[in-house]
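Okay, so chain A shows up in both of these, paired with chain B first and chain C after.
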Partner chain A sequence: MDMLLFGPELYFLLVALVLFCLSLKRQPHPRAVNTIAATLAGLGVLVALVCLFQRGDLFFQAYRVDLFSQIFKFALALGLFLVFMISRNLAGIEERLHPEFYLFLTTCTLGMMMLVSSVELLTIYVSLELSSYSLYILVPLRRGDDIDVEAGIKYLFIGAVSSGFMLFGLSYIFGATHSTYLVDIIPRMPQLLASPIGLVGVLLALAGFLFKLSVFPFHFWAPDVYQGGANQVVTFIATASKAAAVALVLRIAALGASAGYSFAQTLVILSIVSMTLGNLVAIIQKDLKRMLAYSSIAHAGYILMGVLAFSEAGYASAVYYALAYLIMNFTVFMVLNEVATDGRDLKIAELAGLYHRSPLLTLSLILGIFALAGVPPSIGFTGKLLLFTSAMNQGYFFLVLIGAVNGTISLYYYLKVVYAAYFLSGEGLPPIRLSWPTRLLNYGLCVSIIGFGVFPNFIVELARTAVRAVL
Partner chain B sequence: MLVFNQLQTYLYLALILFAIGLYGVLARRNLIAILISVELILNAAMINFMAFNRFLAPHPAVGQIIALFIMAVAAAEAAIALSIIIAVYRKLKAINVEQATELRG
Partner chain C sequence: MTEHLANFPYLTCMLLSPVVGLTILLFLKEERGLAIRMVALVAAGISFALSIYTFVAYDRVLGGIQFVEKYEWVKGFGITYFVGVEGMNAPLLLLTGIVIFTGVLTMWELQERVKEYFIFQLALVTGVFGVFMSYDMFFFFLFYEIAVVPMYILILIWGSTRKIYAAMKLTLYLMAGSGLIIPGILLLYSSSGLFTFDMVRLHAVQFSPWIQKLAFVMMYLGFGVLAGVWPFHTWSPVGHVAAPTAVSMLHAGVLMKLGSFAILRIAMYLCPQGFQYWAQLMALLAATGIVYGVFVGLAQTDLKYVIGYSSVSHMGIVGLGLATGTLDGLNGAVFQMFAHGVMTALFFSSVGFIYDRTHTREIHELGGFSKIMPVASAFFITAALCGAGVPGMASFWAELLVLIAAVKVFPIRGLFAIAALVIGALFALRVVQNTFFNEPNPNFIHHEDVSPFLGLPRMILIGFLIFFGLFPQVMVGLIKTSIVPFIQGM
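Here is the complex of A and B:
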């Protein structure tokens, strides 16, 4: 029975071993490796689904399996599977390194799965580093010019410093509460947060996760890594790794929930600066991935609105938005991958004439972009509505106002993408051929963007039940 | 000596190490020097854990175990960082951050 509790993690550990063996082959066959990896990841989604309603504690209570963690594990498995689906044409990475690309993505997923279940400080730290180190290696794997190593080194150092911050913060929490278990720490938090050491500890501890979520002031890596990394790797960073970061920010921020004003006020400032900065800088971007990087900074700001509400509704809306963000951002990245078949960085202007080259891709693009912008009835609109409502109910009128203004600003640069795809003419460019799995993927994503936007009840109820375990 | 048997001494030491590390990360231009500064930050955290463990913790082993884990993880981190630094050197013929400025905007 315990096997099932630890099911998804064991399964992905096994997948990592298989992929490791594949990477030992001298001349791997890229297509075959992709088929194997995608099949295994697809099965992984099923495993995560089977284990969705597992519940229990493992490893001396350091590891908790509950609905909250299982939902995120399912999302992570789904994200990995989707990224493998669009990796059939992996032009950005040398062929002999393809198995390693799959291997490190799998270990990263494994690390993040352990991360969302960890309820002990050391476990959190070790699993966070497992997922981060895999990504540090993946970013400079890209073939070609020098920008990949530059992005890789920036990512590594900003990541290392923020995890150093986090560790320093955790040491203060440990010192002040004499425990490394979140269960023991939470009841002692109210008196602790009155003293500076507790507040500094929790804020520093949040740094490691704010880095993953690319919230100001740990956002500097995002644009460079998005531009410098291979398209598929960036897709993973922008979708699955964001979802895991949200899960941990929710867990750690719950420590500060009892602190009231000063702690929430810090998060309000971070949220406002993140979304304003992200949206304003995104306007001037010409590179599509770079623009999406700044939009991800803005979205991190929106998600913080749900976190700082410290209510069941706020947490549930943050979970909903994290899942929605995974789907809608993936949709845009999938289109980007299909258009840039040679693995290059795509300029927004290069989307010209996409409407004539592939109507289906254009439909996915427009749905994904509108969802990111928060246009009804998409999944992004419902997510934003829930986030704004929960912040409003806690009396953050000013924050919601700034959020709404930001939503309007963001429409400008999102619509620039739609404009390029529909109204710029791409004379002489050949039509894009899609394989049948890609077509299915397109239909599936379009349906879920609209479907879960119009009928969000099921996911919202699930999220509400899940966050009760955290708060 | 009484000062060596006080929690505060070690907390100040860790704080000073943390500050030196942070200063090094921001001010140094050599990638290796930045890596060393990052290690200083991690060591500061480690000293904190050991000090709290020695003076406050009810269970005397927890902080030591954490320190051991940090050492192992920091070693892995140094290996990855050095390998990426070598990749940087091969492509840019320098390990100075001023050489790595192609990505901006």
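Here is the complex of A and C:
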């Protein structure tokens, strides 16, 4: 029974071992490696699904398995599987390094899975670093010019600094409460938060995850890493990694829930600055990945709206939005990967003629982009409205107003993508042929973007049940 | 208000018919032009038939909300799928049915990217139907946005005259409106304490005055953008000119009514005190819009711009009717939404036909067009007469009701509006004269007149205009059944 509790993690540890063995081969066959990795990751999704309703504690209560953690584990497994699905043509990375690419993505997923279950400060930190180090290696794996090295260094430095902040914050919390267990810490928080040490501790502890989520002021890495990393790696950073970050932001922020005004106000400011800055700077971007990087900063701001509500509804809508964001952002990245077959960075204008080249990809792109922009009937719209609703329920009128205005601003640059794909003619460009798994993936994504947007009840109810354990 | 459950999901069928249609279209090949058009026509036709049915079968004696379907949708957030018909939205559902059906027929000759065109048009019309029948603010807003966003692509690809600019301007204006609407709606949602989006339940809540004032003005301005309220109308003439014919028909004919309907249905219904507070401003903006629309319209040389600005002034009449808050005023406003919708659809439909043949909409170039295409010209002239408020046409009664109410409540603004409309009528006749009764332009002599098949959609539109012009009581009596309780509830 305990095996099943630790099921997804054990499974992905095994996958990592298999991939490690594959990486020992001198001349790996890229197609075969991809097939193996994708199949294993696909099974991983099933394993995570089977373990969805597991419940229990492990490792001296440092590790909790509940619906909240299992939902995110499922999302992570799904994210990994999706990324492997679009890695068939891994042009951005040297062939010799392909097994390493799969290996480190798997260890990163493993780290994040442990992260979402950790309820003890040191376990949280160790899991976080496991996932971060994998990504530090993955970003500079890209073939070609030195832009990847720059991105890798930037990611490492900013990551290290935010880890430093976080450790500092954790040390404050430990020092004041004499415990590293969240269970012990939470009851002592209301008293502690009255003094500055508690507030500073929680805020600094959040830093590590705000970094992952690319919330202002830890957002500087996002544009460069998005542009510099290989497309598939960036896809992972932009989807699965964000979902894990949301889970942990929810967990750590819950420590500050009793702080009331001052803590929430800090998050309000971070949320407002993130979304406004992200949206305004995204407008002038020419590179699709850079634009998506800034849009991810803006979306981090939206998600914080659910966090700072500190209510069941708010947390549930943040979870819903994290899942929605995973799907819709992945859809856009998938199109990007299919269009940029040689693994280059794609300018928005290079989407020209996509309508002629592949109507199916255009449909997916439009649905993905409209979902990001919050246009109904899509998961993005429903998610955003739920976030706004829960923030408004706590009386944040101006925050919602600014969020809604930001939605309008963001539409401008999202529409530019639609404009390029639909309107600019790409004379002489060959049609894009899609393999049948990719076609299936396209249909699946389109259906889920609309389906879960129109029928959100199931996920919302699941998320509500899940977040009760966290708050 | 009493609710009567439907024995058959008429409204859901009306809503799903375009959805099913567009799903079928997704899987059809672009080459199969006729099949694509037929699917679109059948999908639109089913909705049209159902909209006629609900209009006719609505029980006026019974009153209340009929054909109600209500399902819990998202329990945790108090979202229900709640649709129904009453006196004030039955005409608008009918209007949507008319315009989409005739719109598909009007676009029968389209050659470029036909499949996608009908997909987006059906998506748009789903949104429109949804808005008119929803009693849940979440769904209302969801459908509202569905109706607005496909416009961007419709104008961008199939439009003309500065379409890139117009498409972006229109979309951003309308989305900026949404930016005001969301906080307004959510403010009511969360301050009600009920945590429900159900409008009928929210109506029972007494919101505090400042919340009503704030929420009302946000929703008024937000929806007002779509309703073409002066000074937020500037997207509308540009957008109408750029849009392809059937989209102009839908847009000026139906979409702008979404805005004014939403002001009536959400803002005034839920925030009566807020409405009292802002009524003066509403009347002022509406009257300014009427005068402004008439005079700017006079200076135009492009027929579509003339119609675009006349829409601003006619929507001003709707706004003025709403601002009075009286029985006659609201009756007239709803009637005017319907009448103007059909009339503008006819306008754009006939101009579209002329433009497709001659590739010009300049008044002086067309001069004497009735000698070349008497039937096509007759359609336009009928619409122009209706726009000028000639008795015997639906608009006459609508405008009459509104203006009577307006002069009672806001005498000066009402008189200004009347004066502007009279001058507007005179000049409308001059436009007709210059376009159709001068010397014919020799370049266009070889053009064929409207074939009976293409004339059909225009005939349908004219038929409705004249029918409700001759029997206004059919419409007014129906609208009244919901306006009377509406005013009592305010």
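Simple rule for what comes next: the second predicted complex is superposed on the first by the 471 of 471 C-alpha atoms of A that agree within 3 Å, B and C clash if a C-alpha of one lies under 4 Å from a C-alpha of the other, contacts with A are read in each partner's own complex, and residues count from 1 in each chain.
Basically, a residue touches a chain if its C-beta (ideal position, glycine included) is under 8 Å from a C-beta of that chain, and two chains touch if they have at least 3 such contacts.
The model shown is predicted, which means the values in this text are computed figures rather than measured ones.
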Figure out whether A:His178 sits in contact with chain B (first) or chain C (second), or with both, or with neither. first
Considering only touches as defined above, state whether A:Leu170 meets chain B (first), chain C (second), both or neither. first
Would you sort A:Gly228 into first (chain B), second (chain C), both or neither based on which partner it touches? first
After lining up the shared chain so the two structures overlap, which partner does A:Leu122 touch, if you call chain B first and chain C second: first, second, both or neither? first
Scan A:Leu138 for contacts with chain B and chain C and give back first, second, both or neither. neither
Using the superposition on chain A described above, determine whether A:Phe157 touches chain B (first), chain C (second), both, or neither. first
If you stack the two complexes on chain A, which partner ends up touching A:Leu411: first (chain B), second (chain C), both, or neither? second
Overlap of the chain B and chain C interfaces on chain A comprises residues none
Which of the residues in chain A come into contact with chain B in the complex? 121-122, 125-126, 129, 133, 136-137, 140, 146-147, 149-154, 156-157, 160-161, 164-165, 167-168, 170-172, 174-175, 178, 180, 223-224, 227-228, 284-285, 290
Of all residues in chain B, those that touch chain A in their complex: 14, 18, 21-22, 25, 31, 34-35, 38, 41-42, 44-45, 48-49, 51-52, 56-58, 62-63, 65-66, 69-70, 73, 76-77, 80-81, 84-85, 87-88, 91-92, 100-103, 105
Mind listing the chain A positions that touch chain C in their complex? 313, 316, 370, 375-377, 381, 385-386, 388-389, 392-393, 395, 397, 400-401, 404-405, 407-408, 411-412, 415, 418-419, 422-423, 456-457, 460-461, 464
Quick one: which bits of chain C touch chain A in the complex? Just the residue numbers, please. 73-77, 138, 141-143, 145-146, 149, 152-153, 156-157, 164, 168, 171-172, 175-176, 178-183, 186-187, 189-190, 195
